[in-house]
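Multiple structures are listed underneath, in structure tokens.
Okay, so subunit A shows up in both of these, paired with subunit B first and subunit C after.
Showing the complex of A and B:
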């Protein structure tokens, strides 16, 4: 078997190393910055969340449907949870995106993994946002309150 | 009136018994080298060589001994043999180092010493890799002085502090130990790599250079500094002790300061 060995320094670059031009724009810079900033904000949000839910008052024993309903009745906690949801999802998804970029070797694998990732992130963010804003602890269907016993009798 | 001092003799005769460090200890080692020859087989293979070496010998001396006395087909690059030219970066016992700067006695000689080509670049033969992708990234960051305005009629002055700012990154010998130790570079070879960023840093922070913005723009690429995950492999690998990861962070910082 004989292989053709090209002249050294002929200027050729093995095709897999050729970098596509026009990768400009500052998307990667913004993504990098977002990771640091959202990380700092998330530390505050998540530890605040854990502290209020698990330690204040009766702590963990107080958590039930009514507790969550009570929290989401206040716009403050709605905004808090919304910020937590969005930041955590974007932060986490961007992290997984970089991991896929770093570890997937083939472009097709990369594309599929990222497609699944983005779809999953979008579903969770949209569903979560919907729940936070449309949450109603005492739904009334056709004039009949749903059973559960959390709500005062009408 | 000055009296000229006689030049000291360059050869000094020592009385017998004075000087010298005594007997140099010798020991037996096994060298396990990853061989590859595309003209013989597409598959790489491992070869073992047993050698008697001395306490003052380096991995490069062991490779020389193999090539000169046992197997002349063993191929590797080396030029200066003194850690200056950057030709002989290789993976020795799993770490990227210069063969000419690694003393055998500092390695575990009870086990075979494993020598492989650096990772992430296409192997051409045995320990020789194709450095072209590495140098392409280097060329892309424009590693030369670019200045605006007229040529000065005297030298371009710089204060000691201004020189100090980029002193660390002037030490690079382009051995590729850093780039080929970077896991991000291993994946697809698209990342510019630490060495290119180190050499860009050398000009970006040079007060005499005026093309810093251009270089920052080049490194703001999708495959530029933002692919660095601060793994620190490059800093560990650099035979010149350059704080590579720090230099990359400074370039990141400079891009941010410029954009925001």
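Showing the complex of A and C:
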């Protein structure tokens, strides 16, 4: 194990790649703390998610529309999945942000990559939140329930 | 020719490789998460579309992928707890190597248990 990997942004940096110092704000410290706090919560949320969805009963074979309908009929799993969505996306996006900052040397490259990252993260978080709160176990189109839905007995 | 920095407790050793593993597993999990929110969102399209797309996750090739994904998640989770211990526990930096070996041992046990269960479900022919 003699190979070593240079610490990102630690070597001699060509003048065109020098960056201005941060503004001295506490954002990076708060982000660092958020990674640790959200990490602990995510271990519980994701291990619980994997256990309930993959380990119990028929495992992955049980997952279909009805499985999701059954879970989201309960506010407990709605809150669980919402917390998991937000914490995992913020945790993951901040991790990828760190990696972009470490390895993209040109200012424009960093700006573009982070712009794409933030746009993708916003779309996924908003979409996922809407899906959890607008989920309908019995979707109806033109007065006809769609096949596979869970509708109350007439 | 500049010489390499003298050996340290971290560079080129367990600390550095756990950092590499943490980054790689983190990126893998992040991209899966994007796809996973999109596939779950299909419940708003129609029950049949969701159930048929999610069916793709049940074939054996995807089953192996899920095994790899869970292995990545479990490593990232346990190594993340180790990082927290290094940062917040006063003896953490001193025992970071021992904690990595503990992470790896628990990781092997948990991933093996998951693998036996999940792969027997996936390959069990339902």
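Simple rule for what comes next: the second predicted complex is superposed on the first by the 125 of 154 C-alpha atoms of A that agree within 3 Å, B and C clash if a C-alpha of one lies under 4 Å from a C-alpha of the other, contacts with A are read in each partner's own complex, and residues count from 1 in each chain.
By definition in this document, a residue touches a chain if its C-beta (ideal position, glycine included) is under 8 Å from a C-beta of that chain, and two chains touch if they have at least 3 such contacts.
Being a predicted model, the structure only gives us computed values, none of them experimental.
In the superposition on chain A, A:13 makes contact with subunit B only, while subunit C stays out of contact range.
Of the two partners subunit B and subunit C, it is C that touches the larger number of subunit A residues. In the overlay built on the shared chain, the residue A:64 is in contact with subunit C alone; subunit B does not reach it. Applying the stated contact rule after C-alpha superposition, one finds that A:76 touches neither subunit B nor subunit C.
Of the residues of subunit A, those at positions 1-3, 5 touch subunit B in one of the two structures and subunit C in the other.
Subunit C contributes residues 4, 11-14, 16-17, 20, 23, 26-27, 29-30, 33-34, 37-38, 40-41, 43-44, 46-48, 50-51, 54-55, 57-58, 63, 66, 70, 73, 77, 80-81, 83-84, 87-88, 114, 117-118, 121-122, 126 to its touches with subunit A in the complex. Taken together, the subunit A residues at the contact with subunit B in this complex read 1-3, 5, 9, 11-14, 16-17, 19, 23-24, 26-29, 31-33, 98, 101-105.
Across the complex, subunit A meets subunit C through its residues 1-5, 7, 36, 39-40, 42-43, 46-47, 50, 54-55, 58-61, 63-66, 68-69, 85, 88-89, 92-93, 95-96, 99, 120, 124, 127-128, 130-131, 134-136, 139, 146-150. Those residues of subunit B lying in contact with subunit A across their complex are 38-42, 122, 124, 130, 132-133, 136, 183-184, 187-190, 217, 220-224, 226-227, 229, 252, 255-256, 259.
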